[in-house]
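To start, the structure itself, in C-alpha cells.
Which chain is which? They are A, B and C, in the order written, and residues in each are numbered from 1.
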Amino acid sequence: MALNRRHPAALFAVLVVGLGTTGAAYAAVSAQTAPKAAVRTETQVEQGKQLFLEGCSSCHGLAAQGGSDGPSLIGVGSAAVDFQVSTGRMPLAAPGVQAMPKTPSYNEAETAALAAFVATLAPGPAIPTEEMLNTSNAEVALGGELFRTNCAQCHGANGVGGALSQGRVAPSLMGSDAKTIYEAMVSGPQSMPVFANSTLSIEDKQGIIRYIQELQKNESPGGFSLGRLGPVTEGLFIFIAGLGALIIAAVWIGAKAK
Amino acid sequence: MNELEHPTGDPYGAKDGKDLVSGITVFPMEPHVPRKADIDPKAARRAERQVATMFGLSSLMIIAFVVAFVKIPNTSLISIPIIGVVNANHIAIGFTFGLAILLIGIGAIHWAKKLMPDEEVVQARHALTSPDEERKEVESSFKRGAAESGFKERKIIRRSLLGALALFPVPLVVLLRDLGPMPGTRLRETIWDKGIHLVTDATYKKIKASDIPLGGLINAVPENLLEVEHEEENLNQRGKASIIVVRMDPADIVSQQGQDWDYQGVLAFSKICTHLGCPTSLYQQRTHHLLCPCHQSTFDLSDSGNVVFGPAARRMPQLAITVDAEGYLVAQSGFNQPVGPSFWERG
Amino acid sequence: MSTTEESILAPAQTAPATKGGAVAAYIDDRLASASFTKRLLDKVFPDHWSFMLGEIALYSFIILLLSGTYLTLWFNPSMTEVIYNGSYVPLKGVKMSEAYSSTLAISFDVRGGLLMRQIHHWAALFFVAAVSVHLLRVFFTGAFRKPREINWVIGTLLLVLALLEGFAGYSLPDDLLSGTGLRIAEGIIQAIPLVGTYVAMFLFGGEFPGTDFMPRLYSIHILLIPGILLGLITVHLIMVFYQKHTQFPGPGRTESNVVGFRLFPIYMAKAGGFFFVVFGITVLIAALVTINPVWMYGPYTPSQVTAGSQPDWYIGWLDGAVRLTPNWETSILGHTLSWNILIPALIVPGIMFTALGLYPWIEAWATGDKREHHLLDRPRNAPTRTALGVMSLVFYMILVISGGNDVIAVAFNLSINQITWGFRVLLFVAPPLAFVITKRICLGLQRSDNNKLLHGYETGRILRLPSGEFLEIHEPIGEAERAKLLAKADVIPLELPSAVDENGVRNPKAAKSIARAKLSQWFYSDVIPTPTDAELREAAHHAEHELHQAQSHLKEIESH
C-alpha cells in the first residue's frame, strides 16, 4: 500500500496536530460568546434599525421583507438574528451554499440592537433568558435520547457534524454554547429544520443542551479519539500507524545485523 | 556454508551454472560477513546486556501493571497532552502491559539478530510429486476396492444409496423451519390506521398542527405503539411505523402522493429508507430534501417524496394525515404501500 | 524409524544423557516423533520482511482468540430490555438491550475491560488488514502458482470468513452503529430474489430487529466462524510447512532449494519475538487510541441513526459499492428485482471473490504454464499480472473510499453528490488506466534492469576524452544484484494453432485453443528478453575496454 511508504509516525503527528489545533480554535471561539439576556429599549431598536439599513438591507430588503439574495426577516425573531450575527454567519462574506461561522462583524451591543429591531417587525422566537439555558437540573439521559432522535442524524451521535446534500454540512457542535444551540433549534438556520418549543419543550431542549455539554467535555476514556469520526479514521489509523509500525518491525527483523 | 547436501550433487541443484528447473543462471552464495558481535567479545557482551535489559524491563512493567491495576481507580480520569482526557486505570495498565509484551518481543529478536548464528543455510526441496509406481499403486488399490465393493455392477444398490444420501440432509434443513415465521403480510403492514394520533418520539406527546412552525421537523411514532407491550413486537413495529412530520409553505408543495394528504402544509412521511431501511430524517428545510445518512439517497418531500439522488429506487411513502376535533394530528388511514426496503414479493 | 528383525516393537535404545533428552525420549516412545521433530527443528525458512505479513495475520488471530475469550466472560448477547444503571452517567436510566448494557459494563465497570475490548477490536482491524496485504504480497510475487493453488483458495476462504467474522463482531454490541449495519444487512438479504424475505424472517426470527438474532449471531461469532477459521488456518500453515516457503531470487537461490535460517533457534526467536511485537503494539494502540466508543453512539433503536454511519474499514468497499450504484429496480409479473442492491452487494462481490479464488487456474490456463514455481517473480517481471493486480486494487480502493464519501465531503468541503458522481466515473475510468500505466512502469523497470546488467551502474562521474568525447564511467553491479536481475525465466507464449487441420478441414475445436493462445500472447505481450550469456559477455568486454580507456586517460592526466 502506498500509504505505508511514508513514515507512519509523521502522518500520525500531522493528524494529532491538526486535530489539536482545531480543538483549540473551537475552544477559543466558544470562550468569546457568553450568553446575556438582551434588554430591549427604544434607543436600542433605533440603533438596530440603523445598523440594519446599513449592513443588512441590501440583501434582506429595506423593510426586511426579503429579496432575491436573502430571505424575509419578518417573524424570524431575535433568536435567529442573534444566532446568525453572533456566530459570524451573517453578514455573509460571499454567497455560497451555506453561511459558515467566522469572527462576528458586530459587537455584542450591536448584535443585541439588530436582534431588538428585527423582533419588533413581527413576533418570533426570542433570545433565551439565562434561566432558560440553565441546564443544572436537566435530565442528561433523556437529553441523550432526544439528541439521538432529533439531532444525531445530521450532527452525528458524537456531535462532530456531518454531510448534507450538495456541499451543505451540519456543523460540529463541539464549540457551540448553550445559547447558540438553543437559538439554532428555535430558529432553524439555513438547512436545519425548526424545533419549536411547542413540540420540543424548553425542558427537552435543556436536556439536549446538557447532553451536548457532556459530549463537549471531550472525555475519551479509551484514549485518543481520532477526531470522533468513527470507523473511517480507525481504518486509516490501522493501516498507516498500525500496519506501518508492524512492517517497520518486519523490515528490521528481516534486515541483516552488522 | 551448509551441511545439508543437495541430492543432485551440486550444492544448489544446478548444472553448468543453470537452475535445473527454470534454467536461470545460478550464482554462488555470498560469503558470510561476520557481525561485530561475532568478532568483538565486547560487542557481544553489549548485545547480551541489551537483551537482558529488555527482558528485565519487561518484568518491571508487569509489576507496574499489577500496581496500576490495584491502585488506580477505574473511574479516575486523567488529562494527557495530545491524547486527551482518558481513563487513568485503562491507560496505565494498557501502557505497562503493552510495553512488557513488546519488550519481550524486541529482546528476543535482538538476541536472534545479534547473537545467534546468522549464516544462511541451504536446504533442498523434496519433490512434491510421488513416484510413478506409487501413483500406479494407489490407482490399483482404488480399483481393487471399487471392484470389491461392487459399486459399479450392483446398480440397484448404487442408485438406492445415492437416493438415500441425497435425501439425508433434508431433515437438517427442515429442522430449521422454526427459526422464524413465514413472511406473510408482515412487511406490508404497519400499526398506522385511520384516526391514530401522531405522537412525538421519545416524549410521546400528541402534536397540534398549529404548533408546528414553518420549516419544522418532528420525529414521530403512532400513539398505539405505546400499547404494543411485547418488547420484540414493539421494536419491530417501531422499525416500520416511525415517521417524520414536516411543515412547509403549502405553495411550495409541487405534488403529493394523494389528494389532500397534508394538513395545511404539514406532511408526514415514513422515516424508513426505501433503499435499505435506515431511519432517514436529515430534512433540509430550505430545499425540502430528505437525505439518508447511510447511502445518501435523497427524497424531495415537496414533490411526493420522489427520489432525486442516490441508490433508492422508490419514493418515500407518505402518510395521509389530518387533524381531530381538537386540532391534533391523526392519520387518515394506514400507509397505502409497504414501507422500508424492497423485497421480491413486493411488486 | 529403525526396526530390526529381533524386535519390531521396542528397538534397542540407548539411555538419554540429559533431562531434555529424557523428555524427548518419553514423547518419542509414545509418538515416534523423533524424525518429524528433527525435520521441524532444522526446517529452513527464507528471510524477507514481506514473508512476515501472513504472520501478522496469524498473530492477530491468536490475539483475537485470547481477548475474545476474555470478553465472553462478561458479555451477554441478549436483547432483553433493561434500564441502564452502570457507571456511565449520560446513559443512566436509558432503556437498552442487555447486549449493549453488558458492553457498557465491560467498558466502564470491569477493570481492564475497556482495554480488552479495544485490543479485540483493533486486533480485528489488524487481522483483516494483514490478511489483505498478505494476499497482495502472494499475488504480486506469483507465490500462488503451482504447487500452491490450493493454499491460495484456502486463503481466499479465510478472507471471506474474516470479513463475515468481523462484521458479526461489529454487530454484537447493539449500539446505534452496529444496529444500523444489521438493518442494512437485513435489507440486502430481503432483496435476494425468491427466497430473500424467507431467509430474512428465518435468520431474524421474524421481522427486523426482533430479539432472536443477537444470540444466534453470537454463537456464529464465537463458535462457528472461529472454528472454521482455526481449522483452515491450521491447514494453511501445514501446507506452507509441507510445501516449504517460496523465496526471492538471489545468489544461491534456485527452484530446488530453500536458503534461509533454521526454525530452531533463529525463527523460534524471530517469529516468536514477532508475536510479542504484534501483541505488544496491539495492546499499546488499544491503550492509547480509542476504537468504537459504543457509549457515544447510544443503544440501537430502529428509529434512530447517526450521521457518518460507517462500517469497519473492511466492509467499506461493499458499502461504497452500494452507495455508488444508481437506483435501478425492475418489476416483473408482480415481483421486484432490486438491482440497486443485488449488483453491489451480491453480484459484484460474488464475481470478485470467484475471480480471486480461481486466479491461479485462470493464469495457468491463459499462459499455459504448468511448471512448479518456488522462486518468486519480481512484480516487474510479470507485467500483465502486476497490471491486473493494480487494476483490481484501484477498483477496490475506489469502492473503499466511496464508503466514506460523507466523511470526505465534510473533511474536504466538497459536495457529496459531486463526489458520488466523481467516483461513479472513476470506478470505470481509473482501473484500465492503472492497468496501462502499471504495465508501462513494469516494462520500463525491466529495461533499466537489462541496462544495469549490460552496462552496470551509472556512477555520475564523467570524463572528457582527448578526442573531445564525453564518457560516463559505469561500474559493474554486484553479484547479488546480478543474481537477482538474471533470475527471470524467459516465457514462451502458446503458439497459435491453425483453424484448419492438415487436410484443410475446419477444426471445430480450434476456436477454443486459438482463444487460449491469443490470451497467452496477450499475457506475455511486450516481453523484454533477459540478456543472453553471449550478450552479457560482449557487454562485459565492452565495459572492460571502456574502463581501460578511461584508466589510461586518467594516467595521462596524472603524468602531465
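Just so it is clear, contacts are C-beta pairs under 8 Å (C-beta built on N, C-alpha and C of every residue); 3 or more make two chains touch, one makes a residue touch a chain.
Fair warning: this is a prediction, and the values are worked out from it, not measured in the lab.
Enquirer: Given which chains touch which, is the overall layout a line, a ring, a star, complete, or other?
Expert: complete
Enquirer: So which chain ends up in the middle if you average the CA atoms?
Expert: Chain B is the most central one.
Enquirer: Whole-Å distance, chain B centre to chain C centre, using C-alpha means?
Expert: The answer is 18 Å.
Enquirer: As a quick test, compute the distance in whole Å between the mean CA positions of chain A and chain C.
Expert: 42
Enquirer: Quick one: report the Å distance separating chain A from chain B, using the average Cα coordinate of each chain.
Expert: 31
Enquirer: Could you list the positions in chain A whose residues touch two or more of the other chains?
Expert: Residues 142, 145, 149, 153-154, 162, 164-166, 170, 220-225, 253.
Enquirer: Show the residues in chain C shared as contacts by 2 or more other chains, in ascending order.
Expert: Residues 47, 108, 114, 118, 270, 273-274, 277-278, 281-282, 285-288, 303-308, 405-406, 416-417 of chain C touch two or more partner chains.
Enquirer: Going by the contact rule already set, what residues in chain B reach two or more other chains?
Expert: 83, 87, 90-91, 94, 109, 113, 118, 201, 219, 279-282, 293, 298, 309
Enquirer: Which bits of chain A are touching chain C when the two form their complex?
Expert: By the definition above, chain A touches chain C via 1, 97, 139-142, 144-145, 148-149, 152-158, 160-167, 169-170, 211, 214-215, 220-226, 228-239, 241-243, 245-247, 249-251, 253-255.
Enquirer: Under the touch definition given earlier, write down the residues of chain B that touch chain A in their complex.
Expert: 35-37, 77, 82-87, 90-91, 94, 109, 113-114, 118, 200-203, 205, 207-208, 211-219, 246, 279-287, 289, 291, 293, 298, 309
Enquirer: Can you check the complex and tell me which residues of chain B touch chain C?
Expert: Contacts found on chain B: 4, 6, 8, 11-14, 19-30, 69, 74-75, 83, 87, 89-91, 93-95, 97-109, 111-113, 116-118, 120-125, 128, 176, 179-183, 186-187, 201, 219, 221, 231-232, 235-236, 238-240, 242, 271-272, 275-282, 293-298, 307, 309-314, 340-347.
Enquirer: Could you pull out which chain A residues touch chain B in their complex?
Expert: Where chain A meets chain B, its residues are 16, 20, 142, 145-146, 149-150, 153-154, 162, 164-166, 168, 170, 188, 190-196, 198-201, 204, 217-225, 252-253, 256-258.
Enquirer: Which residues, counting only chain C, touch chain B once they are in their complex?
Expert: Answer in residue numbers: 42-44, 47, 79-81, 87, 108-109, 111-112, 114-115, 118, 147, 180, 183-184, 186-188, 190-198, 200-212, 243-244, 249, 251-262, 265-266, 269-270, 272-288, 301-309, 319, 322-329, 331, 334-338, 340-341, 371-372, 374-375, 405-406, 416-417, 420, 479-480, 482-483, 486-489, 533.
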